[in-house]
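Below are two complexes that have chain A in common, paired first with chain B and then with chain C.
Up next, the complex of A and B:
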């Protein structure tokens, strides 16, 4: 841009400052405050006792926290299949000439993404309900009455059952994201592939997937970040139950602080969650990018 | 926005009989689309049944629509108060987000300055940071500063946590506007601010509308911060009010469903009015993200 248009330094600062201030107040300041509070034993009153790494040592031995972390990881795995995986398949299908009513599919599949997570959770609570649930009613209609059960009381598959609403809500978003990525692929490459005889599944596997890799990476990272911070769906659907079987990290930190009033420990949990999440994202970035490079070189 | 890219071969012959793959693919997508809508339709018509009727057969249509469920739900949830609280918080947050995103996005698109990369990275960090891990520290911070339980409380986190994507959307949109327009404005003697507000702002209205609609959903639906930062019953937002309604009246399903329908009415209307713009906006945002 020409020199003439450059504003004075203080004008620039004045424009950028409101955003940076409000953002820092809610993102950066709480992280720093949590870091400070994490070294104290504190129940919210005036008395704060410095205990050094005490809270962190406790976290290392806290089975419920690590169980919650595993649930987050499990939800992320389900999310990668259910949201990124299905989203990619639907996007591929939606780009095929065979499919009719594309507009309808795009519009309807994104609609659940616009609803509140709390409402999605209520909706699925009604689907899973023992007496009045859509799922049990459907099973009975299909003559599979033997499978009817109280779904949200199953401790075994509870994380999977809780992940289904999340995937259901987000598939539409990931489908759109993939469609956007796929539509930016150079058409000539696809035409050449076609002339060389690559069609259908082979074209998807050998041509489209490698070219769509950047989009897949972005989608996977978003999906990981979303699932590592999952809170609302679980809070409203199972409350972490039965027992602690569907608890996630953020819910555990919430309960520790607001139900048991352990603010020091809750702050340490917040720091642990941020660290673990960033670590997961960093690791998966490295992993996805390395695979990207080796494929590209082959 | 119409996607024009078609991957299927252009020389595929027309067939008189539908081909099985084609049938299967269409059936699969229809099934999925139906699964996105059927549970909502079920809630919609079930909300018009009596409790006995619902218990008797959960799938049947209502014999006589019971609109009383809706009146009861409005009364019990105090839906008008909830909606007013949500509308006020959402409206002001969306204004704040759009304004900050426009200025910040425009400046990052057009100017180079020291720390610009760091600033962009800092905003991107907000998309990855697990915000729900911050519920506790944010609650403590707001309580210390006397910012909890005020009518404006939620506006602060709602603006802050929704800046990242809008800034990127605006920035990439502005990059697509030819610079000659601003150069002409500068030659005519318009200042930087003048150009930003009087020349580029009108051109950026489409992207700002998209940003505003997408952030409307995000703010209207938000639950966690409302849960943690508000104790005062008179300040509750729609999702928060619904969660208390659910735990207090969990046995009257048709009434709960009526409440759910009411709470999702505004987003549903806005979605179906603006769906093509929203979908185009999400796709534009994803390519950049």
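Up next, the complex of A and C:
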């Protein structure tokens, strides 16, 4: 950039200041406040008792919290397959010549992303409903009446069942992201690959995936962050139930604070969520980057 | 020029962000310096429920009459839905920013009293003995801590009544609701053969099991002394046999297939609808469902609906006719309100909203007020509503857990019971977990 065009330092700071101010008020201050409250036994009133690391010690032994954490990890895994994975496949299909009416497909697949999570949950409650649900009606029609279930009452696969609506909603977003990433791949490279005889799956595996890696990494990180802080879908769809079987960390922290009146412990849980999420992202970044390096070296 | 206007804009933004928190106080003091009294009121009664819910109808009618009689008192009222109310009220309580008058469910009361959020009202009530003494026995209890009254109850009545379809029971040879558990299981089996559930059940929103089932069942088995003992921390335990047995009865009904399969994933409305559709022969609910049946049930269902309570348990220590109940929610006053004109106005407003006239109206439209309405015109009541009212008045109400236990215990039980009903954990495990939460609560600093 030319020197004449470059704004002065203080102008830059001034431009950033309003955003920074708002950001600190709505994000940084609450986090710091939660950090402070996490050292207290506090039931919501003016009285607080300092208990040091007591809340954190309790978290280490809190089965429900760790169960919720596992659910988050499971949801992330399902999300990586269902959102990033399928998003990528959809994007590839939309790039290929086989698919007609691409605009329509793009719009349709993005449409669920525009809906509020509560509406998504409601729609899927109708799908899963035991008596009137689409899923059971479909199974009966197909002669698979034996498989008819009250789906949301199953404690086993409940996290998977709750992850499907989540993927359904986000797949359009990831498809668009991938499309943007894929369209930046040089057309000539693809043509050369085709001349060399790489088509279909081979082209995708050997040419497109390596070249789209940066997009895939970004999408995966976004997906991990999204699923680790997931709340609305679970809250509206199952309420964490039956029992705690579909509980996630954010929901548990919310319940602890606002239904059990343990604001101190709830704050400690919130801090634990932030820490664990950052850890997950750090780990996955390291993992993805190391793979990049080792591939580059080979 | 550009730079200057930009900086100006920036300062406006910054100052508006920074001052947003402070502006509220100024307005309030400006109002108070005048002669009018301003009362802020936060509750969960809504205009849109008038005519549908007896509670909403009576309370809002009282408020309307108060506004007409005292035009100089300004009421800043906020009506919220049930769940929204809980979230907002608790957030405000945590921020120590409660309005003057608000609703406190019984299970919050201990916490609010401990944190000095609510004002003791004895002195004010003593000035109005006629009003104070008009409440039904026991309805002030869950709003009272260590002899001090902190809340004015609104509605009372059983949280456990069984609404059943007498025609369906008749069709399998029972001309009334079974009076023993073996008979009840027999009914369940016979109905299951016809493809009908004995009870429909809907605990998605958590809390239904506890208020309508567990409290009554535990009392049947353990008797009221056990509940007293556990409330006072006098040695009774959730791991005691009676509590486990009560939960066991519930899970047996589910396991045998006498409840709807989607019991944890449907809410109360769906549960009642299943009954309306004839998918179930009965459902367990509180007095509030009586008007739902009167207003919404198909005619033939409405005509054949009767009211009963759970049968007694063999060797049970409790009264087999009792029902869990009592006042559920209370109006409380902010501890920051000082005695004087304003508190006086608040008490008068509360008397309008919950006292004699309101109570009479609530009873006439099918509710069960905490304040004894005396004789009222029962002619307008549908037989189902009347039966529910009579069962309520006759029942020896035992304490509902969710009003009396601390929220930390209630929440563990509410969540855990779903697991038991889904078959993923045993009643013993639930008892263990509840006991653990109970001990944590007792040992809290």
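Everything below uses one rule, namely that the second predicted complex is superposed on the first by the 283 of 298 C-alpha atoms of A that agree within 3 Å, B and C clash if a C-alpha of one lies under 4 Å from a C-alpha of the other, contacts with A are read in each partner's own complex, and residues count from 1 in each chain.
What we mean here is this: a residue touches a chain if its C-beta (ideal position, glycine included) is under 8 Å from a C-beta of that chain, and two chains touch if they have at least 3 such contacts.
Note that this is a predicted model, so its numbers are computed, not measured.
When both complexes are overlaid on chain A, the residue A:75 reaches neither chain B nor chain C. By the touch criterion defined above, A:258 reaches both chain B and chain C. By the touch criterion defined above, A:119 lies against chain B but remains apart from chain C after alignment on the C-alpha atoms of chain A. Looking at the shared chain after the overlay, A:152 reaches chain C, while chain B stays out of its contact range.
By the document's definition of touching, of the two partners only chain B reaches A:274; chain C does not. By the document's definition of touching, of the two partners only chain B reaches A:23; chain C does not. Shared-chain residue A:245: touches chain C; no touch with chain B.
More residues of chain A are in touch with B than with the other of chain B and chain C. Looking at the shared chain after the overlay, A:84 reaches neither chain B nor chain C.
Using the contact criterion defined above for the overlaid structures, shared-chain residue A:6 touches chain B, although it does not reach chain C.
The residues of chain A shared by its contacts with chain B and with chain C are 18, 22, 25, 131, 258, 263. Note for the complex: chain A touches chain B at residues 1-2, 4-7, 11-12, 15-16, 18-20, 22-23, 25-27, 29-31, 33-34, 37, 90, 92-102, 104-112, 114-119, 122-123, 126-127, 131-134, 137, 141, 168, 171-173, 176-177, 179-185, 187, 190, 194, 199, 203, 208, 215, 218, 221-222, 225, 228-232, 235-236, 249-250, 253-254, 257-258, 263, 266-267, 269-270, 273-274, 277-278, 281.
Contacts from chain C toward chain A in the complex involve residues 6-7, 10, 13-14, 17, 86-87, 90-91, 93-94, 96, 108, 111-112, 114-117, 204-206, 260-265, 279, 406-408, 411-412, 415-425, 444-445.
On the side of chain A, the complex with chain C involves touching residues 14, 17-18, 21-22, 25, 41, 43-47, 49, 51, 125, 128-131, 149-155, 238-245, 255, 258-263. Listing the residues of chain B that touch chain A in their complex gives 3-9, 12, 19, 21-22, 25-26, 28-30, 32-33, 35-37, 39-40, 42-43, 54-55, 58-59, 96, 100-101, 103-104, 107, 110-111, 113, 119, 122-123, 125-141, 156-157, 159-161, 163, 167, 179, 182-183, 186-187, 191-193, 195, 217, 220-224, 227-228, 238-239, 242-243, 246, 253, 256-257, 260, 263-264, 267-268, 271-272, 275-276, 278-279, 282-284, 286-287, 289.
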